[in-house]
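Presented sequentially are two complexes of subunit A, the first with subunit B as partner and the second with subunit C.
Up next, the complex of A and B:
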C-alpha cells in the first residue's frame, strides 16, 4: 500500500496557497501607475515657466484623497466593514503632528509616519471594540465615534478647543511653498497604493477578502478573523492618520470643523464606491473624479450646499446603479481598459 | 430636592419629543429593515413646513402638524417607489440601505440648505417661551404641549397597530416577513404604508421640534446619533422600547447637563449608542441581535 507522506500533502498545500496569494492578472499594467508617478514627480518643473500653484494644489488634494481612500479601502473594500468615521483618525493624525509642530517646530512631513502609528494604535483599540458588531451596527457605531471625538476635541483646551491651533506657514517663496507638501502627498499616495496592492495579494489580504465574503465560513476555515479585521482597521487608520498629519500643516491650522466634519469621511467612502471597492485602481480613479467634480461644482455653482447635494446624489446613483464602482463594473463586463488593471 | 424634580421634569418633557422623533425610525426599521439615516433630515423638512406656515401665514405649529405629516408621508411614498422598492432584492440589503439613506440625507440636507440657507430657525408661538409654575418648579409650556401631543400620536399609532386589521398585518410583517406573505399579507403594500407612516411621523415630529429646538439643515447629523441611540437602546423595531429609551436617555442627559454642563449632555446619547451597540446590540426589548 503506497503510503501518503504527510509532508508531501503539506508541501502541496503550501504551494497551492502560495498560488492563491500570488494570483495576479496577466493583463495588469503595473507600468502605468509607475509612469503617472514619474510624471507627477516631474510636474513641479512647470514652476520654472510660470505659476502653476493651482495645478499643484489640485494634484496634492487628489493625492491626499488617494492616501485616505486607499487606507479606507483596506477595511471597507477588502474586509467589507464600511466605516463612516474614519475622519477620526484623520483628526488624530493631524492633531498629533500639528501639536508637535506648533510646540517644537518639527516638520509634520517627518512626523507623518509617527502620526500614522498613533492613529493606527488608536484604530487597533477602537477596532477591538467596534468590530464585534457588523453590518449596519458597525456603520452606526462609526458615526457615533465621530460625534464623540468632535465633542472631545471641541472641549479639549490643550488643543485649542473649537477654535483650534494655527500653525506657522513655511517661509519658502510662494512659487515653491507648496512643494514639500506636494512631494509628501504624492509619495504617500504612491506608498499607499503599493501597500494596498501588497496587502491584497498576501495571505493576510486573502484572509480579509474571505472575511468580506462570509465571516463565519472564514473563521471555520481557520482564519483568526478577530485579529485579521482589527489589524486591517489599524492599517487603514495608519494611512488616514498619515494624511491628516501633513494636511494640518498644509492648511496652516488644525481645527475640529476641518477634520471632524462628516463630508471628509463621506468623501473617503464615496471615492471607493465610485472607483470600485476592493480594487487597487479604484481609490485613485475615484479621487481624481471626486476632486474634478468638486472643482467643477465650486467653479460653476459656488455654494457648498449644492456641493453636499451633488455629493449625495452621485453616491445614491452609484449605489443604486453601479454598486461595484467604475473599475468593478468594467471588470465584470470584461471591458476594463488595460491601463486600469493594477491588480 | 426641588432641583432634582425640576431637572426630572425638564428631561421628561424633552423625552416626549424624542419619543415621537424616534418612533417613526423604529417603525420603518421594524417592517422594512431599513436603517433610515435620512429620518432626522426628514424631521427637519417637517420643521421647515411648520416654520414657513408660521412665518408666512401665522399658523400655529401645532395646527400645521397634520399638514406636515401628510406632506412628509407623500414624500415617503415617492422615496419608497423611487429608491427602496428596487433595493429590496439587493443581497446586502440592510447594509446597502444604510449607505443609501446616508446619501439621501446628504441630498436632502443640500436641498434644504440651498432653499432655506443654514441660518438657525425656530418658530415662536406664545407658549414656546411660557411656563407653568408649581411652587418653585416650572414646567415649560412648549415642551409640555409637545410631549403631550407626541404621546397622543404614539398612543394612536399603538392602538392602530394593536387593534386594526392593517395593524395586524404590519406587526406580522415585522415579526416574520416570509411567514406573513405566506398567510396572504400583501407585504409590499404593508412596506409602503408603514414607510409612509414612519416618514409622516417624522413630519409630525418636525412641527413639534420647530418650537422646541432651534434648527438648521446641517444640524441633522447631531440628531442622527441622538435618534439612533434611542432606537438602538429601545431595541430596533420596538416602538414601546423607543419611547421608554427616549425618556430614560432624555432624563439622564438632563441630569448630566445640569451637573456637568450642556456640552456633555449631548455626549450622553452618543456614548449610550456606542455602549449599547457593543454590549447589547439588540437593545432592551429587541429579541435577537437583528443588527449584529
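Up next, the complex of A and C:
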C-alpha cells in the first residue's frame, strides 16, 4: 500500500466515477420519447387523408392526463404526499383562464402558464397549512379541500354557480378545430415530463426523495423540509392548473361538475400508481394504459357501468403483478426495457 | 463550543430533562452517560432541535441555536446521528451522503443533484471510513454496522463544527467498534468537537476527555473519566455495577 501514491488513488477514483456516470447514461433512452414527440407533432397530417378526429381526441385526452399525472407525481411520487384534491387546481386553472377567455377573448392557450401560476400560488398557500400533517391526515385534508372548493364554485354567481359558464368554440373547420388544443396539450405534456426529469435530478429532487423516505432524517440532514414540500406542492399545482386552463376551452364550458369531481383526481393517482410513482416514464405509461383500457372496454362492453368495472379489474390485476407500478417494478427487477428508461 | 444552560424538557407530567447544564469544549470529546431513562437522548434531541426544549438555552459558539429549526441547526454546524440508524431507503449510499451536503440559496436547489466536486468529496469521506466499495449499494441493503458508518459519512459531508453521536457503538461487533473508535479519535485529532451518548463504558473511558453523567434528568457529575469513576453519586446511580466492571 505504501507504494500507492495518493494521486493514484485520486485518478482511480475519478475513472471509477466516470465509469458509473457512463453506465447510467448508457442505459437511458432519451431518443425514444423524442421520437414519440416528433410523431405526435406530425400526427395531425393524417387529417389530410380522412377524418381522424377521434384519434386526435384520444391523444389529446391522454396528453392532458400526462400533464396532470406528471404534476401530481412531483408531490405524490417524489415527496410521498398523496393528494386526492389536485382537481381543485384543475378547476382553478380552468376557471381563471376560462373567465378571462369569456370576458376578453384571450385564448386559454396563451393564458395557460398564468393559470398555472395562479394555481401554483394557491397550492403554495394551501400547502403551508395542509402539509403540516402527513399520511392519512394529509389525504383527508386534501379531500376536504375538494369539498370546500365545490361548494365555493357552485355558489359563486360571478362564475356561473352550478350551471357554470359556456365558452365560445373556435371557428375553424371541424377537421382542424381540435388542433390548437392538441398541440397545446402535447407540448405541455412534453414540458411536464422534461420538468419532472430536471426536478428529479436536481438537489431539490434529491431533497424531496429524502423527505419521502424519512422526514426527520431529511430535516436533520440540513434540508428545509417545510419549504421543499410546499414548493413541491406549488409546482405540482402549476402543472395541473395549466392543464385545466386549456381543458375548459376545449370542452367549451366550465362547470363545477366537470372539474371538481373526485374521478379527475383519482385518475391522476391511479395513473401514477399504475405507471410507477416517483418515476419519470410512469405517469406517461399509466396515462396511455388508463385511456386505452377505458376506450377498449367502452368499445367492447358499451358505455355502461360495466366498462368502469372492467377497467378497475384490469388495474387490480396489473397491480398484483406490478406492485410498484409498471415502470417501478420492472426497474426494481432490472427488466425495464431500455426505451422506457427515462429516469 | 457548545453550551447547554438549564435545559428542561417535559412530556406531560414527566420531567425527562431537568435543568441540565453542561459544556462541550471545542476540540474535545465529551461523553454524556447515565442509566437507561436518564434523559440523555432527550437532551440530545433538544440540542439538535429534533425536539423543542421546554426551557433553557443552548449556544453554539455563543449563538443561540435552541430557537432555530433543525435544518438551521445543521447549517450552523451541528450535525447528529440517530440511535437507531435512520437511513434513506431506495437511495444509494452516495446519495445518502450527498443529501447532507450544504445548499446555498434557492438557486442551488435546481443544480444537478450530485456535482463532480461533491462526488469527489463524498468518495474522500467514504475512503476515510473504508466503505468506498458500498458507495452504490442501496441504503436499505446495508448491514447494521455499515449503516452506522454511512451515518458518520453523511455527517461529515455537512462540514460540521461539532458532531453529536447517539450510541455509535450500539449493536456493533467488537472489530467494528475498534474501527469506529479509531475514526472518532482521528476526526477529533483533526479538530472536530464531539459529543457522544453511549452505554459502552469501555469506549467512553478510552475516548472521552470529559464525562457528563445524567440520572433522572439531572446532571449528577461532570469531570474527567477518572474523576467520574470515583464519584460516589455516579456509582450509586449505576447501583454499583457497570463502572467498576469496566474499570
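Rule of thumb we're sticking to: the second predicted complex is superposed on the first by the 295 of 343 C-alpha atoms of A that agree within 3 Å, B and C clash if a C-alpha of one lies under 4 Å from a C-alpha of the other, contacts with A are read in each partner's own complex, and residues count from 1 in each chain.
Basically, a residue touches a chain if its C-beta (ideal position, glycine included) is under 8 Å from a C-beta of that chain, and two chains touch if they have at least 3 such contacts.
All figures in this text were calculated on a predicted structure; none of them were measured in a lab.
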(request) May I ask you to decide whether A:177 touches subunit B, subunit C, both, or neither, giving the answer as first, second, both or neither? (result) neither
(message) Is A:221 touching anything from subunit B or subunit C once the two structures are fitted on A? First, second, both or neither.
(response) second
(message) Is A:58 touching anything from subunit B or subunit C once the two structures are fitted on A? First, second, both or neither.
(response) neither
(request) Once the structures are superposed on A, label A:210 by its partner contacts, choosing first (subunit B), second (subunit C), both or neither. (result) second
(message) If you tally the residues of subunit A touched by each partner, is the higher count for subunit B or for subunit C?
(response) B
(request) Could you look at A:141 and tell me whether it touches subunit B, subunit C, both or neither (first, second, both, neither)? (result) first
(request) Would you check which partner chain A:133 touches, where first means subunit B only, second means subunit C only, and both and neither mean what they say? (result) first
(request) Go through the superposed model and pick first if A:306 touches only subunit B, second if only subunit C, both, or neither. (result) first
(message) If we count contacts the way the header does, which residues on subunit A are in touch with subunit B in the complex?
(response) 82, 84, 129-130, 132-137, 139-141, 143-145, 147-148, 151, 154-155, 262, 266, 269, 273, 303, 305-313, 315-316, 319-320, 323
(message) Applying the document's contact rule, which stretches of subunit C touch subunit A when the two form their complex?
(response) 48, 50, 69-71, 74-75, 79-80, 82, 86-91, 95, 98-100, 102-103, 108-114, 116, 119-120, 123, 127, 132, 136, 154, 158
(message) Quick check on the complex: what are the subunit A residues that touch subunit C?
(response) 9, 13-14, 17, 20, 198-199, 201-207, 209-210, 213-214, 216-226
(message) Residue numbers of subunit B touching subunit A in their complex, please.
(response) 35, 37, 83, 86-87, 90, 92, 94-100, 102-111, 113-114, 118, 217, 221-222, 224-225, 228-229, 232, 263-264, 266-267, 270-271, 273-274, 277-278, 281, 291-292
